[in-house]
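Some structures are shown below for you to check.
In the two complexes that follow, chain A is the common piece, with chain B as its partner first and chain C second.
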Partner chain A sequence: MKILFNEAKKLFSPILLIMIIIFAFFVCEGFMALPFWPQFHVGSPYETEVYGELIERFGPTLSRDELPGFYEFEEGLIRELEEELPKSKLFKENGIETYEGYLEAREELHTKRDTGGTLTEDEKALLEECERYTFREMPAGKLLFELQDLDRIDRDIEYGRALATDESIEYERDYLDMVGEERARLLEEKFRSEEMSLLPATPVEVIKNDVLLLTIICFAAVFSAVLLMLVTDRIRGIYPLAAASYTGKRIFKVQAVVCAGYGLLVGVLVCVIYGAALINKGAGAFLDCPIDNYYNDFWVKLSYRQYLLCMALAVVIFSGAAGLLSYIIGRLAANYISGLAAAIPAAVALGTAVYFATALFFSAQSAWVLERFWSSVALPFAITLPICAFAAAGVGLILKRDRGRDLL
Partner chain B sequence: MLTVDNVTKYYGKKPAVENISLSLGNGLYGLLAPNGAGKTTLIKMLTTLLTPTSGEILYCGTPIEKLGAEYRGLVGYLPQRFGFYRGNTPEQYLEYLAALKGMPGEGLAEKIDKVLDKVGLSGSKKVKMKKFSGGMIQRVGIAQAIMSDPKILILDEPTAGLDPKERVRFRNIISAMSKERTVILSTHIVSDIESIANRVIMIKDRRVFRDSTVPELAGELEGQVFEASVPDGEYEAFEREYFVLSARQEQGSMAVRFYSPSPAPYKAAEPNLEDFFLVTYR
Partner chain C sequence: MKIFKNELKKLICCPFLWGLLLVFTAFDVVMLLNDLSPGNYDYPTMYEAIVGSENADEGAAEYYRDFYSYYSTVYDSLDMNEIFRQKMALYYPEVPQDSAYFRWAQRNYAELQERVESIRKTGEGNGDFYPGQAFLSGERLYMPAFRIHRRLCGLLSRSLLESMIWAALAVLYLEDFERVNAAEEVVFSTRQGRGVQLKKVLAGALYGLSGAAVLFGVPLGTFAAAVPMRGLWGTSVSAFALTEPTTFFAYPFVTWAKMSVLGQLAASLGLCAALVYITVATCAGAYFFAKNGFFVMLGAGVAFLGTLLLPFAVPAGVGHTLSMMSPAVLWYSAGMWFIEFDPARGRWFEVVTVAVWTAAAAGIMRAGWRRYGE
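Moving on, here comes the complex of A and B:
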């Protein structure tokens, strides 16, 4: 136990861990898709806020019984907007006083311009005014974006993608006929559900992509620390002393365990930092929402919280496997440079595997096929666990080789 | 009792040592040979770092690889180039190695203090080793080897980097320890073992060439070592005729100590281990 603790002390340098935390924090804040907009143009910049407000009012799902309340909320926003519209002289002159009137005028002017028509000076000015009203800085801009988000829910209900009726589902009929019997059955079941999840698409989309980045951070952090320890121990000639002592070659096994443990710790740290950043950006509102809605190709009954935990677990498992893979590279590398050279193809291979596990397989085309065997959520594990098994087998082989091998 | 029974070690197709047989009880054994003769290979086999290609090493009649940790727990080892962490203090480093040696935590601090005092480093136990001289580092190495009070102490070139005063201190420590244990001291520096070794094992052409006491080895050159004062102008011719063991410049001449297998018209000198070493490996 003391040996394990001593080896861990070598690897778990507080300075290194603080550096990993700071690095992960800056990467999460600066480079990841956390600021939900405009990386994914599915929603508006106020998507998180407005959906959060809906969740506060109706809970994580919206049921058929709650629809009147939803429309009332929407009308409240429209009333607020309609108090803003008359403040524009141009709108007043053109008789635009309602939300619907505003949308119609803007649509008409856009269509005319985009279909080669020539806008008069007055029309140009009116279009500019319409656009100006959508600016985020304008009070009406925020309301328009929020209404745009609510419109999406309206459309989903109207076109039978959620809370579908026998009548509304017919809008999706062509699509359902096209996707094959099994998938159509699953989709129809989802569309006809008595409740629709108030989880927008973006918070799920960002996770799929960010998981890949998180694993790269984990691999880089784990690999650099492990390589440093193992190559330093060899270059400094620690191993002959250790192997000739009571502990013997068991030191190698202890170090492998420590490397895997370090990987797990880094994985947990990185996920906690990412999770904190995610919550800070407003995703906390969605934690109880089911993930299986029209925008997210899931059928498994999980909440967003459970989904996040599953993804985090996959990252942590991968990070543990990264610890073992780093151990293999560190043990085989003659020096830091050759270790680094070996790490590049390893990182590319792992990155590709994780990409397939988290991003590609989530695509609508493939997810449903795999759904029949597992759920999409299980896929990262279907990839990370074999990586883990491969790494463990590699470590096992190296340790077996050590037993009968001369230590020069 | 440590027995080396007809041990041979090959690196690939190249033999490093061949048919080595030794019997080592309590006492100090000097393993003497020039660099590259196979001393380190033999030592690494004694410490289980290398496995003999043929033959076996036994401790009290049991092969050491069978004893495993039980045997390694009895061994204190100082490698030729021992590893340490520059950022550690000797105290931290010895604590780290104590865990590897399976030493109990109870009374460890006192043991470390004692051993550091023994090698003259008690005043520097809290100083990071990156600030240490080569001699101080070597003393930490000696400290770690003797820390667990081993039954078998194996030291590979232990005096490298030590100044004369430190060498004497080291010899005294080792000599005292050898009363109750087997001490194997590998070196190519004759003076390290001349005064303290109970037996000297010499390796030549990958085999044990002599396994004897210092007086016996030196005695083999009885009547073959001479001293002479050779005028400067004649020294070159003298060197061609005799094997010079040492030469010292004097006023207009050289005070020479030399080896001659046949009687020479010079004053006979008392042969020593260094003479034997030089003659053996000339």
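Moving on, here comes the complex of A and C:
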């Protein structure tokens, strides 16, 4: 146990820790989707708020029986907006008093502008007013965005993507005919289901984008710390001394355990921090929602909570594998720079594996999954298992070699 | 010279650098072939149509004729002042119109407008090239088609990053060699011994640039073999045939000065070599302070990421333009050099950035060396 603690202590270099924290901060702020969600996402900035309110009223799914309640909620928002619209002098002058009227006017002006038409000064002012109302005028802007979010549910129902009837599902018929038989059956079953998930597209998109970056942060933390520890040991000439005694040889095994454990610990830590940030952003409302809907096309009926746990598990497993791989590289590298040089392609290979394993996980959207349920399960495991097996076998071989080593 | 040769030999005999070079080159070639081989991009067939060969496929020839006639008038209405107005409103709405910075950017675009008029007058924009974006039934689709320019940009961007990493590893390996082999006290206890460190920088730079030559040369050779370009290298980068959408805009690449595709590539390669040199010199200089290649390499990675993100944190204005003047930002926009791209960049943006950083790298080296000597 003492050896274990002593080896673990070697992994914590203050300078390295500061560098990793700065690196993680840059990756988060520059490339992750979470810091920008939902404010700057392509969806609405009020998405979590309005969907959260719907989930509070109707639960994680919306059933056919609850539709009148949903429309009532939507009409409530429209009424609130229509109290705001007459406050604009320009809207009043142009006879825009209803939500429908506002949408029509905006659409007309946008079409004219985008098709090369020349807007008159009055039209320009009206378009500017429309945009001001959408983006800057509160609470009208918030209401408009919330209505846009609800409109997505309306359209899904109207076009047979959710709570479909025999009539509405015909809108999706071409698509259903285009995909494979097994997937078409699954999709139709989903579209005709008596309940639709209230999970929007973005919470899953954010995770899909960020899983890779989370693992990159883990790799950076694991590779750099493990390499520093092992190569320093080699340079200080500790290995031949360790190989000379039975207790010394145990250090090699303990180091491998420490590296794997460190990888797992970093993975867990990163996932916990990310999870806390995600919940803080309002994703907690969606935890019980089924993940499978028109926007998030999955083969299985996992909840968002289960999906998050699966992704976190993937990050932790790959981080642990990175720990083992970096142990292999660290033991074989003669110096820091060669260790870093070997770690770069290893990290890229692991990153590619993470990307495909998490993107394919139960997903029905990717062409890679061959449009079969089994492939969406088998392929992620087919990617993950060989990597873990390779890492474990590599460590095993190095340790076996160490058992036969002697000072001479 | 003997020491220099010995240091170079150390690098040549280093297997991990060769391994990494091989991995990077293979990766580049695979990525490039993947880029070039989507089923519907039949380069040889389109090439025949572009050069007006007698054996040209009729469909491809018709496509190219339609494309050409559709875009042939694009310069008649191209107004860089209007593009400036739109870009400022979109990207930098907070810049006051009466500020010196705004006027500077406006002057740049006025200069570009003159350049557009010159292109219009001289017919520079009429050259033949692979179509930059798709075109169908008289409707403009913002869907890229052959995108040669973009593929070249991707190639430069990948190779440049790899070259910088490779060169930094090479120089740091040499610098760290004595420390790692516990010979530091013996070698650096004399003035001549310490002087070896400078020769290491030179050897590292030479080896780094040689590696960069491979990392750029092999993908470019693959590109030249896969895409027929005879007679097209001389086409102006500003030819409307090359037009590809960049973010929300789609108009020809307006270069600050007349520049052919080959000319831009050659100038870009020169800039890449300078950036590789800057990386080597900065890492070597930083090593003299840190005396630890591992931390220098990690620090360089963090600094690269930090300078890449810095412009997002700095509000529009002079500070923003200065924050963009870094090797990381240059790398990010690799391939779009010498072309109008962002109102925060002026005519000499790339050249000034490289000059400033070359001076800065030399300064770091000098300061580090003085400290090291002490």
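The rule is simple: the second predicted complex is superposed on the first by the 342 of 408 C-alpha atoms of A that agree within 3 Å, B and C clash if a C-alpha of one lies under 4 Å from a C-alpha of the other, contacts with A are read in each partner's own complex, and residues count from 1 in each chain.
We take it that a contact is a pair of C-beta atoms (placed from the backbone, for glycine too) under 8 Å apart; a residue touches a chain by one contact, two chains touch by 3 or more.
Because the structure is predicted, anything quoted here is derived from the model rather than measured.
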Message = Once chain A of both complexes is superposed, is A:G404 in touch with chain B (first), chain C (second), both, or neither?
response = first
Query = Which partner does A:I22 reach: the first (chain B), the second (chain C), both, or neither?
reply = second
Request  = Report for A:N6: first if it touches chain B alone, second if chain C alone, otherwise both or neither.
outcome  = first
Ask   = First (chain B), second (chain C), both or neither: which does A:Y304 touch?
value = neither
Query = After superposition on the shared chain, which partner residues are touched by A:L340: those of chain B (first), chain C (second), both, or neither?
reply = second
Request  = Return first, second, both or neither, reflecting whether A:F70 touches chain B, chain C, both chains, or no partner chain.
outcome  = neither
Request  = Tell me which partner A:Y246 touches in the superposition: chain B (first), chain C (second), both or neither.
outcome  = first
Inquiry  = A:D233 in the overlay: touching chain B, chain C, both, or neither? Say first, second, both or neither.
reply    = first
Remark   = Residue set of chain A touching chain C in the complex reads 15-16, 19, 22-23, 26-27, 29-30, 224, 227-228, 231, 235, 333-342, 344-345, 348
Ask   = Considering the complex alone, what residue numbers of chain C touch chain A?
value = 14, 16-17, 19-20, 23, 27, 165, 169, 172-173, 176-177, 180, 182, 292-295, 297-299, 301-302, 305-306, 308-309, 312
Remark   = Seen from chain A, its contact residues with chain B in the complex are 2-3, 6, 233, 236-248, 251, 404, 406-408
Note = chain A partner, complex, touching residues on chain B are 44, 47-51, 68-69, 72-73, 75, 77, 79, 81-85, 96-97, 99-102, 105, 144
